[in-house]
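The following pair of complexes shares a single chain, chain A, combined with chain B in the former and chain C in the latter.
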Partner chain A sequence: MAVTIATGAVKTKREGTLGYLLPALLLIAFFFIVPVLMLLMRSVLEPEVGLQNYEALLGSTTYLRVFVNTFMVAGVVTIVSIVIGYPVAWLLAIMPEKWSRIVLAIIILSMWTNLLARTYAWMVLLQRTGVINKTLMRLGLIDQPLALVNNLVGVTIGMTYIMLPFVILPLMGVIRTIDPAILRAAALCGAGKMQCFLRVLLPLSLPGIAAGALMVFVMSLGYFVTPALLGGTSNMMLAELVAQFVQSLVNWGMGGAAALVLLVVTLALYAVQLRYFNSARGK
Partner chain B sequence: MTKPFLSIRGIRKSYGSVTAVKNVSMDIAKGEFMTFLGPSGSGKSTTLYILAGFQDPTGGDILLKGQSLLSTPSHKRNIGMVFQRYTLFPHLTVGENVAFPLRIRRRPQAEIAERVKAALKLVRLEGFEDRKPALMSGGQQQRVALARALVYNPPVLLMDEPLSALDKKLREEIQFEIRRIHQETGVTILYVTHDQEEALRLSDRIAVFSQGEIDQIGTGPELYSNPATRFVAGFIGDSNFLDATVVAREGGKAQLSLGNGAMVEGVPLHGPSSANGKASLMLRPERLSLSRASVPSGIAVTVRDITFLGNNIEVSTATAAGVDLAVRLPFGHEAISSLARGEEVWLTFDTASAHAFV
Partner chain C sequence: MLLDFDKLGGLRTFLIALVVLVCVFLILPIVFIAALSFGSSQWLIFPPPSWTFKWYQDLFADPRWFYSALTSLKIAAIVTVFSVVIGFLAALGLDRGRFTGRDFLRALFLTPMILPVVVLAVALYALFLKLGLAGTTIAFVIAHLLIALPFSIISIGNALEGFDRSIEDAAILCGASPWEARLRVTVPAVSHGIFGAAVFSFLASWDEVVLAIFMASPTLQTLPVKIWTTLRQDLTPVIAAASTLLIAFTILLMIVAALFRKGRKA
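And then the complex of A and B:
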């Protein structure tokens, strides 16, 4: 969640308000920047001075596999979240307000429900004798239960579910700002439903898609609970690797290096989003 | 009689128990500028939206060149429309906005470029192709919207209060442009407005809407000089209303008693032909004359206020019964010099210029 805090700081920074921001900046400095720097230091100082931790991390196929898993899962989760979240956001934006409030309340309530409870619920649903496999077998669609849990499939399903609100909310915000009269104008210009969507609605909701996608991708890269519970032991993700280094192996150097790689990727993505989507909106 | 170009036949629209449009029918000739004039909620916009295909009527039909439009969805009606709000696509440049309908129609690139250029020239925005809509004024945006609506040569152009967001001076400027464009292109225009001055300035004919129905269709001068209903009389031009009683009637003209013994004859009477009864006498402020000497057939009034309005002067008066009557006199009228508040004067009028409504 560090990224969202940083976003807030950047957006509210205007001339003359720096004084008001000082407490927040100090908080971030002491509780975020300093610990990160300390971890960075440990990654180049332990067990001895040098870049050997990074060499080990980036040079080994085992660790590379973890990176590939992480990016792949985060990418698939992002795409699926947007594909599922877009129609939901669109419906929320156009449905009468009394209904949209109820649906929104359900979505937000699910966000407030304990993460562990929600993840365990998915374990129950996805396991070999779970509701999903049983239903599919009863319908005769499959003969053998599908392996839906303790692998990356389970991780992807569970994380998509958890990330959905983070694409739905910003997308709904953006779609609500689009004047329906613009879509009517497009229709009279000759654009059918598909053309209206592809040529007008989609380009106009791009800032929301970008914001939601970045949020989900970045959160997914560093996500721990769901991969730890729904994933298998063989297919680790980056956060699990960091936890393993620090907790089981007590190797702060390697743990720090892995965390730093994650941070650099995150900041780079954020910079790309700022550069391309904020400047496009400004003009 | 030849087939009308555009025919609206008995259009009705209700939402549950609320009826927005009751029974609207009219024929519009090719190249005509027809304005729907009326207050908000009178059904004029709903009728236009039904023409655009955004709403389905509860009953009735719309025929364009003899073919019903109702089963055709909006995007296949090939109708142009300019909206009340700014509806340019914000992510596209001016040129791309105007090109949009042609791109959808998959016209060749060279033709698109040529027609976009011609359309922007028509609205006098040549050289603005690469501008983003957000960087343009409201008036410019509406002109681009007009270019976008005309670039595919639609047979009918709908305009839904396109100037209501603009200030008065700009509005008049663009009204002039719309007239010029109408003359240059010969497109049939259906224009919705609640502004009578705008309607009079632009239209060939005006349909006055009131409570979901058309009260009267006619040219501006027709509506002004011969209003069919009290509502039309009140909506087009300025008007005074005076309670009167129908004493006798003959061939569309009535003899009216105005109380206090004042009688007028030969006033055009509108409304159902019930013999005697209450009526409203409509008097235009600019058709009233003011006399300081007692006139037997005149209306005795007291001067309340005198307002200088530039080219004319408005004298506010009130009858003994407390009904306000405004009189508009040309600047320099002899009766006005030394006219004082509280003075008793007499108002007279040409009975043919007055109208009575039962």
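And then the complex of A and C:
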């Protein structure tokens, strides 16, 4: 009896939790939803009502190149990040803690270092007279300096550098949850190392790989800073195109259209991820 | 077998070699920039012909660098305060509220984090042009608050999830008002989440480039904008000096965070 009265009192005193959400909700509504919708509206309203901006965007080879660049770079960065990141995450998950702590500190340091500082470092490292070209020439591997910057090669290297931690850290978490006894059992049953890897470890870590790959792909698609600095002007990606329409060309209609394309692709992939995870959890 | 570190056999050597290589790859640019900032070569030749503090002197001699750092600090500090307060309230509302659409609302609050930031930047730029706020501190704070808030909601939300609510109820039963209970019982109990929220919010604003490029005006620039505009002109070693200071700042933050975590465990 006393308890019910008491909890009742607590309950009445605690009413109105929805009010707590109000500041965040107002912020998101006025400065996120409204401006994004306004921008997208402009793509069908400016310079006149109609779909001409989308026709121009999707019908021209110049812009087609931008789309191809964007998807190609995002795809290559994703694949390279997974191929390099998976073994690293694997060893990190099982190595003695005193070592893994050092490796983790290095990964986090690189992740937390200012993005522009990291990109600047790659601009310097990859330039024609940079350390990488100099070293390769001294080793006699090349005669002429390679063009590593102001092209998509530079963008891919710089982006892989940035994305690698985003693959390693979640994958490490996934591999840590796999019971080593399962792999011991597979080995006891006569499976070789290759078979153990391909038929036990890899399938068990697949949800982590898929999630990491999707995240890196989505992040790469919308990346602006690194492609703009390492790619040069002739190798544009989608995010740069959005910025260019607005900043240099002051063409809000085309800018809005390009933003919509980027937004739709991102949200669609995000929806895939949500669905994939929900079904994976459902099992 | 494959998950037993001691039984990997030859595979272990291969994996260790790969991890060492990746570590070198990750640390190389950072070390390299720090070294070049003390090198005398204008064209960033490595190894540098001799060592110098010239670039640091240039950096400190130009007041624009100092002012942009000050602007960054000011904006990041304001963003941190708002992000933690609004984030705490929102996390509390999401944690306590039992209403339909809660998951949707949570996802909505986190969306600015996953959307391409350039879209948000362009959209906000258009809005602030219309409102006459373009190039103001308010515009900067609002833009950065949008991307800092998700970090606060996640960090404080996780802490609240691990907090036993009946402790707060007990305080209320003992005569505390709900807000008294929250401020004197709940807030201290989730202080690690609040600390995390503050650090991430600060960094989100301090390091942010894309929104900042669109929010900046010739008279109002944050440090990343200053680096960006300088980088677009040339690769001067002054940027290496600025970057090195930023890296030192990052390491300092990591140490503080590690000490804080250690202190909490003890």
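Assorted remarks:
The rule is short, and it goes like this: the second predicted complex is superposed on the first by the 247 of 283 C-alpha atoms of A that agree within 3 Å, B and C clash if a C-alpha of one lies under 4 Å from a C-alpha of the other, contacts with A are read in each partner's own complex, and residues count from 1 in each chain.
Here is the rule we use: contacts are C-beta pairs under 8 Å (C-beta built on N, C-alpha and C of every residue); 3 or more make two chains touch, one makes a residue touch a chain.
Since this is a predicted model, take the numbers as computed values, not measurements.
Residue contacts after overlaying the shared chain place A:79 against neither chain B nor chain C.
Of the two partner chains, neither chain B nor chain C is touched by A:45.
When both complexes are overlaid on chain A, the residue A:195 reaches chain B alone and has no touch with chain C. Put simply, more of the residues of chain A are touched by C, taking chain B and chain C as the two choices.
In the superposition on chain A, A:129 makes contact with chain C only, while chain B stays out of contact range. In the superposed model, A:24 lies in contact with chain C only, and not with chain B. Contacts of A:262 after superposition on the shared chain: chain C is touched, whereas chain B is not. By the touch criterion stated above, A:187 is placed in contact with chain B and with chain C alike. Of the two partner chains placed by the overlay, only chain B lies in contact with A:203; chain C stays clear of it. On chain A, the surface touched by chain B in one complex and the surface touched by chain C in the other have residues 184, 186-187, 196, 200 in common. By the touch rule above, chain B contacts chain A in their complex via residues 52-54, 73-81, 83-85, 87-91, 100-101, 104-105, 132, 145, 148-149, 152.
Residue ranges of chain A in contact with chain C, taken from their complex: 6-7, 9-10, 13-14, 17-21, 23-25, 27-28, 31-32, 34-36, 38-39, 42, 84, 87-88, 90-96, 103, 105-110, 112-125, 127, 129-131, 134, 161, 164-165, 175, 178, 180, 183-184, 186-187, 193, 196-197, 200-201, 218, 221-225, 229, 239, 242-243, 246-247, 252, 255, 259, 262-263, 266, 270. Chain A meets chain B in the complex at residues 179, 181-182, 184-192, 195-196, 199-200, 203-204, 206, 283. Within the complex, the chain C residues that touch chain A are 1-5, 9, 11, 15-16, 18-19, 22-23, 25-30, 32-33, 36, 43-46, 85-87, 89-90, 92-94, 96-97, 99, 105, 108-109, 111-112, 114-127, 142-143, 145-146, 149, 153, 169, 172-173, 177-178, 203, 207, 209-210, 213-214, 224, 227-228, 231, 235, 239-240, 242-243, 246-247, 250-251, 253-254.
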